[in-house]
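Take this structure first; my questions come after.
As written, the chain order gives the labels A, B, C, D, E and F, with residue 1 at the start of each chain.
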Amino acid sequence: MNVVVRNTPRAPLAIVDGLAACGVATVHEAQGRSGLLAPYMRPIYAGARVAGTAVTVSLAPCDNWMIHVAVEQCAPGDILVVAPTSASDAGYFGDLLACSLMARGVRGLVIDAGVRDVRDLTAMGFPVWSRCVSAQGTVKETLGSVNVPVVCAGAAIAPGDVIIADDDGICVVPRRSAADVLKQSIAREEKEAGVRQRLKAGELGLDIYAMRERLAERGLKYIDSSVKE
Amino acid sequence: MNVVVRNTPRAPLAIVDGLAACGVATVHEAQGRSGLLAPYMRPIYAGARVAGTAVTVSLAPCDNWMIHVAVEQCAPGDILVVAPTSASDAGYFGDLLACSLMARGVRGLVIDAGVRDVRDLTAMGFPVWSRCVSAQGTVKETLGSVNVPVVCAGAAIAPGDVIIADDDGICVVPRRSAADVLKQSIAREEKEAGVRQRLKAGELGLDIYAMRERLAERGLKYIDSSVKE
Amino acid sequence: MNVVVRNTPRAPLAIVDGLAACGVATVHEAQGRSGLLAPYMRPIYAGARVAGTAVTVSLAPCDNWMIHVAVEQCAPGDILVVAPTSASDAGYFGDLLACSLMARGVRGLVIDAGVRDVRDLTAMGFPVWSRCVSAQGTVKETLGSVNVPVVCAGAAIAPGDVIIADDDGICVVPRRSAADVLKQSIAREEKEAGVRQRLKAGELGLDIYAMRERLAERGLKYIDSSVKE
Amino acid sequence: MNVVVRNTPRAPLAIVDGLAACGVATVHEAQGRSGLLAPYMRPIYAGARVAGTAVTVSLAPCDNWMIHVAVEQCAPGDILVVAPTSASDAGYFGDLLACSLMARGVRGLVIDAGVRDVRDLTAMGFPVWSRCVSAQGTVKETLGSVNVPVVCAGAAIAPGDVIIADDDGICVVPRRSAADVLKQSIAREEKEAGVRQRLKAGELGLDIYAMRERLAERGLKYIDSSVKE
Amino acid sequence: MNVVVRNTPRAPLAIVDGLAACGVATVHEAQGRSGLLAPYMRPIYAGARVAGTAVTVSLAPCDNWMIHVAVEQCAPGDILVVAPTSASDAGYFGDLLACSLMARGVRGLVIDAGVRDVRDLTAMGFPVWSRCVSAQGTVKETLGSVNVPVVCAGAAIAPGDVIIADDDGICVVPRRSAADVLKQSIAREEKEAGVRQRLKAGELGLDIYAMRERLAERGLKYIDSSVKE
Amino acid sequence: MNVVVRNTPRAPLAIVDGLAACGVATVHEAQGRSGLLAPYMRPIYAGARVAGTAVTVSLAPCDNWMIHVAVEQCAPGDILVVAPTSASDAGYFGDLLACSLMARGVRGLVIDAGVRDVRDLTAMGFPVWSRCVSAQGTVKETLGSVNVPVVCAGAAIAPGDVIIADDDGICVVPRRSAADVLKQSIAREEKEAGVRQRLKAGELGLDIYAMRERLAERGLKYIDSSVKE
């Protein structure tokens, strides 16, 4: 059965914005190295870092009808997450749909398929993470669903989950654990800030992380080169 | 038999330039969703949008001899289209050949293989769409042909056809249908411009395109979320 | 046995810097079309061109422990070369390790795997060539070796060899032949400079390289188009 | 937190066996074209067709420790489903683990990674669907979880779900809908049996499915070839 | 415009059968190393070698409607050639369509997409060359064309052309040159038969093909190993 | 400089044959998880297991001239190892070259490129591991070298090294360490034989390998399913 689920609860935007500030790599570590989408998902331009609450779209391959349906369900702070039911590199999304989403306050698009009009999308400042860029058009013939759980680029995503995306990729944080993950992300950032200063000053990670003894226990040997200059 | 075909007729440059202004996605739709090259073809730098008339090169894998031969057949407004007879990721083309093509008024290169000197090509403003970037050199041992029909990145291209290329990819328009496709591309652009304004103002595609009834007929159901906040 | 080899001899930095100025495509040709790494290795940002002496790291897949060990072995002018023993697209390297390497004068990273924090690495101006970008974290559990011969992205690399990397890719020059290759690279550059001027002036490669006779011997035919305008 | 969940409910084996008899393509259609794993998953030998109840394993890349843990949770009629948290083509599984699973009545393995000893596995008649074949060994250092929901090759799988696998690929049916899907699969098979007889007798699908009118409405034209013999 | 072209002329079956006997590698060489489809096209089972006349199908991605239309245009000795207008790995074809094609005397299928029911197709002895195997179903919503020129897996194919397919891949021979290519294929086979006997008897290709002088001219040096036993 | 190195020392055939009996996975583990070629290398038919001493060929892409040169350097017990200097999927090798190699007692071919005539090679029982199957012909224009160190499918291979290949892939063992690796491989096999019996009898790896305590230390929790039947 194909459904559009309305009024799905979302993670609070204050938490969402806090996670955006931490970035994908930190959040992924902070929640136990989980939640990453596959690294074939790439931004259409460098430098964007956003977070938002997921409005999910499950649609037929090479058919973008349900994206039009999903727009109406979007609210400010959302990120649209689109997953075809079979792999595809057609171009499901272009500048017209981006205009529509921006008018509703949507912060970006994550799509496990292709997009087009990337020159316009870049000029508009609408960030997109996609499997590829393709001008190939799609049809509007087959129903799908909006705001149901989906698997997108190898990650399970539920409506209202937090999506964080930057140049490193994309991470999903389940709605209910978002506050906890934010707390741990901030803690991780603070700890890293201290280490960063010491590394810049020339200290070695071997010493900061006290690795030397464990390396020796495991049997690492240091020898001098036998190659003559 | 290996041949170089001279004085091939080209689509008129006025039409070619009109198509460039429309861009790949629009032209592809306007000619019935046909003519796209495979999306693995990517520009070496972002932001270029060009159109030109095809001078085609069919050459042996890892052998760029026929590109040197093809230069002489190029005229202002052309785009060089290079297709090896077997897949290859060597670097067939660099800044010297680009100097030679620019001296003849060639507008760009489309090659289903690798290119090199991309830093120089970018600085020169010579746009290239290629399968990959590779420094791997090629030989000059085996003949091929110039200005014969080729298949390049999955699309059939004849000499004199129009090639449109931008950040979305590459589209070929047959020489004889170029005027018609331009007319339809412009019509499509005008129609989209009106829709764009309405979408920016917050209207929904569901209403602009009158999709609601057809969605209901197909059986789409709207339900409220049962997940508790 | 897992070892860290200290005090490996390096190619002299004067030669290294000379090779950087020539660039990857030229150096690769100058040493007989050898030494290129696979073209799937891409820079995380455009425009960097560096050369350095290799400090090599052989490590277990999805385990970056030995990168921490390798930092201590790095000296100014080095490039870190990292090769997992099994293919991987995890993110082994981020901004903290880059801070540590920059503090030691390291010029860049070549890694046949993934990296993360690419926004920070770009801002820091620390150039990286990698198989992919991925936020996926790694562990620190299994020993590897530092400054042993490795195969990285299809090329055999020994400690102290010269690594040249730019937008075209990466090339390795064996330490002992670096001076010779520099000499031949410069000779090639000088020859190309003369050809470049002639091509810009409109001369054809067919004439500059005296190709017409050999093409005719091989049987290339020139014919006029039979297609009517 | 890493957990091993014991005593997970499974779909009844009578239903499981019924689904095996229908095969992957039929079951996938019968449940509304959902549940397929990505087509890069291939059987190590042709001709196997099995179904079983999923015991799921989420494990660290290049680390097969949790497979050893999972064996104890397996019961007759199960299929082991293994999903690394990051893409990998190492060989996590070989003939020793297969001996252990066969001793417990396990019917097969689905693993989004590599396997080895495929000659032995084939001789033993233990069917495996995997991303690749690789002899690369793994470590036993990092915890994962058993019988938690996983995403394997792009499909969400819960413990106790039904896995059907044959030469066409792999399909998952949620535990609770297995009885319904079986009913619809059988209905589909019966309908297809009738059509098959008519097609073998030379009737056309165009007529059996009454497609001619709809094709004409859409505008399909029949013309005679203008090419001369 | 979408059309079905009827009564297309075919290459004579006597010539077709002669080409089948020569096999793909020989025919490809005999017609000047042209006509091969991309090597990602693989047979669903080993050992088949067929040739036939092409009935071509251009269809929308993930939509197999036009295959049903094409069946009616097939005659004994044909091979169905299916090319989606955008890359796809869905399963467009299964055992029902194979029954229908076999009832009409069709010899096989070449499809630049996925197929399913491969266990049944294998048992029926209906040979298929495809991009992949996938159970993913398709829709019947969008028109395409039958018996128009297509590009399939990188090769341009016209209706009535000869398709030769075996374990090495697939080759297309234009209808009008089929007789000539057969003649050259047979000549090549006869020449190879003589060489084969000499090679089996221990003669070297270096001598049979008189390569030694040319190798020496090019500068090949023979040296003795300096590695000590 | 292009050279053919004659009379390279080989590992003794008694040791080679011992390694063949152990198989790729065991040998790879026994020499410390090193020496594997990339898993994209696949056998052209299932079931072969061979070992031999490497005769190496470094050749230009799409040019098989040096294979003809290499035949003369082959002796009984050798395996030919072919590595193009740039990636290629052309078909460098077919049944004629196989006849010639079999006449010299060569045991198989490992080639990081394509092969053809696989139907004949299978019938002849000449085992090949290759990157792909392709009928695409190659030229004989450019020199390469025979019996120099090469990198093949990601592994460094020297002439005379032992190559072991079976359905799991390919492993190289350096000539000088072959005797040691054989000893350790046999030890590993014996140990595994004991474990195999215990596993078949129903004992768990958890107990045989005494893993339970370490798992508990790391924090693995066992819980009962909360899902109701």
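Going forward, a residue touches a chain if its C-beta (ideal position, glycine included) is under 8 Å from a C-beta of that chain, and two chains touch if they have at least 3 such contacts.
What you see is a predicted model; the values in this text were computed from it and never measured.
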Contacting chain B as well as chain C are chains A, F
Matching A-D in over half of the residue-numbered contact pairs, the equivalent interface among A-E, B-C or C-F is C-F
Taking each chain's centre as the mean of its CA atoms, chain B sits from chain E at a distance in Å of 28
Expressed in whole Å, how far the mean CA point of chain C lies from that of chain E is 39
Two or more other chains are touched by the chain A residues 33, 36, 39, 85-87, 89, 134, 136
Contacting chain pairs, sorted by label, are A-B, A-C, A-D, A-E, B-C, B-E, B-F, C-D, C-F, D-E, D-F, E-F
Per the touch rule, the chain E residues reaching chain D in their complex are 1-9, 45, 65, 68-69, 71-72, 89, 91, 94-97, 99-100, 102-104, 114, 116-119, 122, 132-137, 140, 143, 147, 159-160
The residues of chain E that touch chain A in their complex are 60-63, 85-90, 134, 136, 139, 141-142
In their shared complex, chain C is touched by residues of chain A numbered 23-25, 28-29, 33, 36, 39, 42, 46-47, 49, 166-169, 171, 192, 195-196, 199-202, 204-206, 209, 211, 215, 218-225, 227-229
The answer for chain F against chain C in the complex is residues 33-34, 36, 38-39, 85-87, 149, 151, 154-156
